[in-house]
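Remarks on the structure that follows.
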Amino acid sequence: MELSARNKIKGTVKEIKLGDVMAKVAIEIAGGAIINSIITVDSVEDLQLKEGDRVYAIVKSTEVMVGK
Amino acid sequence: MELSARNKIKGTVKEIKLGDVMAKVAIEIAGGAIINSIITVDSVEDLQLKEGDRVYAIVKSTEVMVGK
Amino acid sequence: MELSARNKIKGTVKEIKLGDVMAKVAIEIAGGAIINSIITVDSVEDLQLKEGDRVYAIVKSTEVMVGK
Amino acid sequence: MELSARNKIKGTVKEIKLGDVMAKVAIEIAGGAIINSIITVDSVEDLQLKEGDRVYAIVKSTEVMVGK
Amino acid sequence: MELSARNKIKGTVKEIKLGDVMAKVAIEIAGGAIINSIITVDSVEDLQLKEGDRVYAIVKSTEVMVGK
Amino acid sequence: MELSARNKIKGTVKEIKLGDVMAKVAIEIAGGAIINSIITVDSVEDLQLKEGDRVYAIVKSTEVMVGK
């Protein structure tokens, strides 16, 4: 399946913090920057996410702000 | 001002496409990936954005999905 | 690629309205309801979307409100 | 009150999972698909949501992606 | 219909700018601050929005950032 | 840093509720209305947010709906 979301940034899962409903997934991308993602615990389990996984951080363009 | 948004990725404006209300801003980040941002034309004007500007792509963590 | 986004609803593209930067895509789902999606014109072109296409409307769970 | 949000999908609450701050609400829509919503625990309490309630899943069009 | 979205701020429509697909609606709230909303042109027409209308700016809590 | 997000509403932190991953921050604005923000616990800690702080509630225009 191809996705309309414009932004797919490759990276590696560095840390997963599981809450009761939501989880934080920290993804290290090229250049060493960290992208944090908040997804459901259900998604972490369905994707069987674990540290070291090669993943994409995906963001719809309308969600990206610009700071200057 | 410090911002709660977790994700600030440094980059360079590569392209700006102005529509009537919304504009697309393409930002090249480390490693050569492009992050597209859709913001208002008003914002482009207020920030006086132009190609070559050093900017940040800013994303709230709750807006980041994970693909695996 | 598997996606963390929880909501993938199958449907058929009923209408595409192209603006200068953004486009509206109307998707008819089971039961006849219409889901409207606003994505970039770039995405419409990259996905080669056209009326009649079988697609998914995809929504991150944190974007879904409840009305009662 | 009429709402600008384009997408209102009727359904039935199938499951509520309460966390400390956020809650997951699973809504079954026509055709049997499930739409998951992440809202605050405060909202669940204010709306007095419970399994079996007839509700609407509401999504702003700019939050809907397309997969093909 | 009651809505799970936590934030409903009363105000008056000060300006509407119609684009081809999206529209900007500027809402003045108590204290004189302006809240800008980007919605579809379809929504502006369905709600028959015009300058001077008493409306609510509605925002899901997960979309609100904090700056300090 | 200047931000593209159109909406910055000044207020005072009235309540912070910390969950395991996410936190709720209630901000009182001019006129007495409350704006609720859901951000990560990490953000609350990094910004050292506490009751009584003068802050901004910041919202991207594409996230604002209109109710009439």
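Think of it as A, B, C, D, E and F in the order they're written, each chain with its own count starting at 1.
Operating definition for what follows: a contact is a pair of C-beta atoms (placed from the backbone, for glycine too) under 8 Å apart; a residue touches a chain by one contact, two chains touch by 3 or more.
From a predicted model like this one, the values you see are computed outputs, not experimental measurements.
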| item | value |
| --- | --- |
| Any chain that touches chain D and chain B | A, C, E, F |
| Far-end chain from chain B, centres as C-alpha averages | D |
| Pair from B-C, B-F or A-B with over half of its contact pairs in common with C-E | B-C |
| Computed distance of Cα centres, chain D from chain A, in Å | 23 |
| Centroid distance [mean C-alpha coordinates] between chain E and chain D, Å | 21 |
| Chain B, residues touching no fewer than two other chains | 1-6, 19-20, 22, 24, 36-40, 42-43, 47, 56, 58, 60-63, 65-68 |
| Pairs of chains satisfying the touch condition | A-B, A-C, A-D, A-F, B-C, B-E, B-F, C-D, C-E, D-E, D-F, E-F |
| Complex contacts: residues of chain D adjacent to chain F | 1-5, 19-22, 40, 42, 60, 62 |
| Chain B-touching residues of chain A, taken from the complex the two chains share | 3, 5-10, 24-25, 27, 29-31, 33-39, 43, 47, 49, 53-68 |
| In the complex, chain B residues that touch chain C | 17-20, 22-24, 36, 38, 62-63, 65-68 |
| Sites on chain E touched by chain D in the complex | 1-6, 37-40, 42-44, 46-47, 56, 58, 60-62 |
